[in-house]
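In the two complexes that follow, chain A is the common piece, with chain B as its partner first and chain C second.
Presenting the complex of A and B:
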């Protein structure tokens, strides 16, 4: 087969994938609408409330995009690790660790006394490192003992969720000083200098510096995956570890590095959520963003542009869903139903696509 | 520790371990057959919801239990179909089902009960075994439990026996260890694996019903709250063996019970640490720090004839 024919073939497969994804999303949204209708809420009310919350104002748009940033970073990490055939389901825990590290660094790590833009950059780096180490542990277990990374990253997510809980419950750790009985189990608000600066300076449009940072990272990862030797190595490790080892590729460092990087992206997502949106660490800090980010990565089918598209989709879905509950009284849980249907439809559809590929 | 406290502790450990024990036993069978059924959480939640609603609607908790079991079957069918027939990624389908069920039960719960969310739901009755129930201190605190707990223990014991001593148990083990050999011997790997997933669904339904109509007689949104994943951890920590899995679940139950017990004893251990403990133990187990792990070789590998 010539290179051109191969490219054409790949393009066609890509297009089928996009159409199937769109069909799955459409189907899921229709089911969601049918559910809304069956609850006796006028469809127009629900749709208006959804649109208002998702893109009805500059504020809403910015909030949706900020949500998409965290989802997208986890998704990119997933795609990166998945290139080496590793499934990182630990986004939730990596976000949590990132949040803890960013909070600790902002409040007690002295970041706020640093000059220039360092006060908000240093906590971000700390968060990425913490997430990276959390992901890297799964890499070590995989490389040394052969532990399935799905199981280890999943278990570590739960451990991390409760670590956050511990941190905000205990005054020795990150809980705010208990001045009276009404102080909530959460950290102090981080100093203003450690918050991510807004792009426009207009609080009505709270897009922050995370957006350009995430976009640059997305471009870098896309290039690394498709145009560099490292990307090719990952693919080789993923497709056939034995052959890759024979070809002289060091498997263990590859696994460690890629899981570290995926974790670092998750940690960074956590720092965006903390320094760009929530400003204080609370018990349910990660609130499902890691698991949603995993789904974003799955939907993307290995492509970075795909991650961006599905992260935006889920970001807007989340914002719209929240407002639908507030304004129209429709449980935002309907969004979960929609997400679940998308995941299951695509998981099932993979069968037909694989069969087409192998020509059976 | 006073004797009364010890008795209360033992009783609540057993009660809290029970949902894990049931669902982990089901999950164990499914994993032994080669299907990583990550949707335990969703199956349990479906069972808890349908059981509670059924009990509320009919006024009979036993009918509720039946409805709970029936309601989980479509979920099990979906999981089995996706992971066996469509050979979908078993982790993805599991997570998808869990998200879907959490959304669906929450939505349905609001639609059905709405503001009446504090309604008491008729629950299963309690029962004390003869003699054991008469032991001073312990009789009431430990053995006076819903009859479902005893029924559950019997089912777990039966499962252990079937898995160990019968041809059916051998076939299930083989489907996850040597699916090709099973196929050559004339048995259907597909059928065994479908059956195993349905069994996991049945056990998860029991576990869910135990939570909603056995233990606390109410349903709350997302009430399983990770118990399904804990059951998965139990199977891992139990090294895919019934006996050890049972021990792991009992231990997890005790760790959970300690959360309520330690403050009463004046010991200051953060709650979060105790809740985290089971996951940490499971991680140590899969990390090879607690002896060698031996997962079924063909776990998560769909069978292609």
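Presenting the complex of A and C:
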């Protein structure tokens, strides 16, 4: 009876949370529109351009969803690590490492000569491992020396970003052969067999295999977090490491594993971006997806469905924003403003709900 | 004294001649499904020491928090100094002349006493000298010895509490509320605190003291209000002579029926009966724990625990006496596998467990009831069921998933066995009263598989009579089935009545061994203070 009442209460809170999130998004969009209007751009032009870019064509929809994939994977990794009270802000670096590994494996690792679906699977795995190791290093630092993982993952991101630069600048590494003076500092395009196959086979709707893979991973992570002993232990470690240690929960392996997994999801995001969209490694390969993914994770407040929702929101916002700049001359930075307002509003709402809950 | 059938009548009957300083009428407060307070009426006069008595979860703290404006009441009217009183928050309560000393202190450890006092008040330039002078004056007036420029970090718990009290007194309150102030203090510090309360009251300030130690009530209370289940169940204008009745009202049982050791701890005379029981009861000769020259040095190289050697047999309760901070925490931490020893070894049932992890220590059959429940024993943000099986969650794995149903059912069984009172196993652990939390921790540790040794550090701290009795009962029961018990406590009376023999620790070293008998009280006391005979 009491349990039922409790569940009902939680459901109600869940619903309120969803409504608050929707209200925050609406508010932020209204502010964004007001800003557009204040710049003297006709609102209708901006809205049409935004809608065109975000969901105006099958291609636009697919592009938005592909953006959401990368954001969502990083966000899921964030939520996973956050369950153990670890804050992984290194998504950007983990994406970069994933991109490097996927490129190397596709071009020079011999992946393209493998049979069946292996040519595109092997680079994906390599990317996940590379991202995982990058996250795992932060885990080792945390477990052995107590380095704050916020600082270590962030700084390792910068190292990774410059590693990408180095890779595409040096012919010994991943730069394409310099045949003439016009060769850009980027890698060769990866062989077709290593590209992620399209779901529909229609290039006008470039949804690729990353989508189902990411969805399966999301379901697995959600189950692991909420329905397994391991998930419960992670929560114990996050809430009270001392008590968890006394209760015989191995803290160090938990930290290592969870940061490795978060990094692996980031690395996988990098592989999706490379093998599913960009096809060659460029200097500005990741361009902020890691940091946006972190925000997606933050907004989800620990829930995997929340990650999916906010990743989709941000994916569509980004696509729409880019087109708004191209077609209507509104700086796409306006999308950043909207993102910022959403975050602030939600954080404020969360704070307010906590206060109400504690009965003050 | 009167037992209240109807709370409002009780309030009306207790009206004194001069208008009361603070009057509460029909106060109600609900948290979720829990009615924490229900129609509580209390009156407090100037210059009066009014004790609030009640078991854990009776609503004492909630009532104090309503008065101090931490919570807003759902029902009821408050009057302070003859006017309606409706504090919007603690700051408002302070301005209106009500100050409160909480169970948990809010001091910045790295700042000095004076800086901490100035934190909440100063604008502009800090007048440290002036403040220090006021601290000294207050110290003298109320007997609160304090060095105004000492760092909080270097102060004992008792001294920190004095800082909190000075912080309150600097506001010159008309009412001072102290929420279980003696729970954290040493016997000698308690004495001092009670004197401070008396002096504060003598200055015309009203004092509300939350406690469940009857000895304190006997000593200083002018009036007592007993709460149970969020209601006023009794009031007394002559508490010193009505202790028995108050206890009966508090727990609805007679004091004579209580566990003898529980009543000893709460100031009632203990009979010698259990001593004889003990002689017959155990003595199954077999080592549960052997400690060989255990030494712990801190970062500065000071020996916190110095060459500690001890044997605990199965079916025996060995008490570790000593003023806190004399190596008990280090001893408990090493034996629990939480702290590496600098030197020495220890064996559990003949197996060397030195330097093993907490997990291995538990696997060897050691149950641990840690000193700091919230930091080490439980996770307040998780449910009761999850906490009850925190160290053996694997038991509920089914096809890789967590079998919540089985977990819930096992939790219910354990709750029943150890009398953990909560609405259900899914309740958040943090919402349980201290007594029920401790019973849950004890239940978990006593059901450790292959239990050989129970390590209990200050297991009854902050608990009320009923819970203390339950904890002792469970410890004795374990002992009877052949578990060795190492009981660390700073309550000498508790050790004398529960343990078979007592080892006294002073500055990390064993000062001496005694049988646990009231006649050894003086000797143990002297050894605790560092005197060797």
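Rule of thumb we're sticking to: the second predicted complex is superposed on the first by the 359 of 360 C-alpha atoms of A that agree within 3 Å, B and C clash if a C-alpha of one lies under 4 Å from a C-alpha of the other, contacts with A are read in each partner's own complex, and residues count from 1 in each chain.
Here is the rule we go by: a residue touches a chain if its C-beta (ideal position, glycine included) is under 8 Å from a C-beta of that chain, and two chains touch if they have at least 3 such contacts.
None of these values were measured; they are calculated from a predicted model.
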Room on chain A for both chain B and chain C (clash or fit): clash
Which superposed partner A:193 touches (first chain B, second chain C, both, neither): neither
Which of chain B and chain C A:223 touches, first, second, both or neither: second
Superposed model, chain A: greater residue contact from chain B or chain C: B
Which superposed partner A:235 touches (first chain B, second chain C, both, neither): second
First (chain B), second (chain C), both or neither touched by A:348: first
Which of chain B and chain C A:213 touches, first, second, both or neither: neither
First, second, both or neither for A:248, with chain B first and chain C second: second
Chain B versus chain C as contact partner of A:166, first or second or both or neither: first
Overlap of chain C and chain B interfaces on chain A (superposed complexes): none
List of chain C residues in touch with chain A within their complex: 31-33, 70-72, 89, 336, 338, 357-359, 362-363, 368, 370, 375-382, 386, 390-391, 393-394, 396-397, 400-402, 423-424, 426
Interface residues, chain B side, partner chain A - complex: 78, 82, 86-89, 91-93, 95-104, 106-107, 110-111, 221, 226, 229, 232-233, 236, 270-273, 275-276, 279-280, 282-283, 286-288, 293, 295
Chain B contact footprint on chain A (complex, rising order): 35, 38-39, 87, 89, 141, 144-145, 147-148, 150-152, 154-156, 158-159, 162-163, 165-166, 169-170, 291, 294-295, 298, 331, 333-341, 343-344, 347-348, 350-351, 354
Residue ranges of chain A in contact with chain C within the complex: 2-3, 5-6, 9, 223, 227-229, 231-233, 235-236, 239-240, 242-250, 359-360
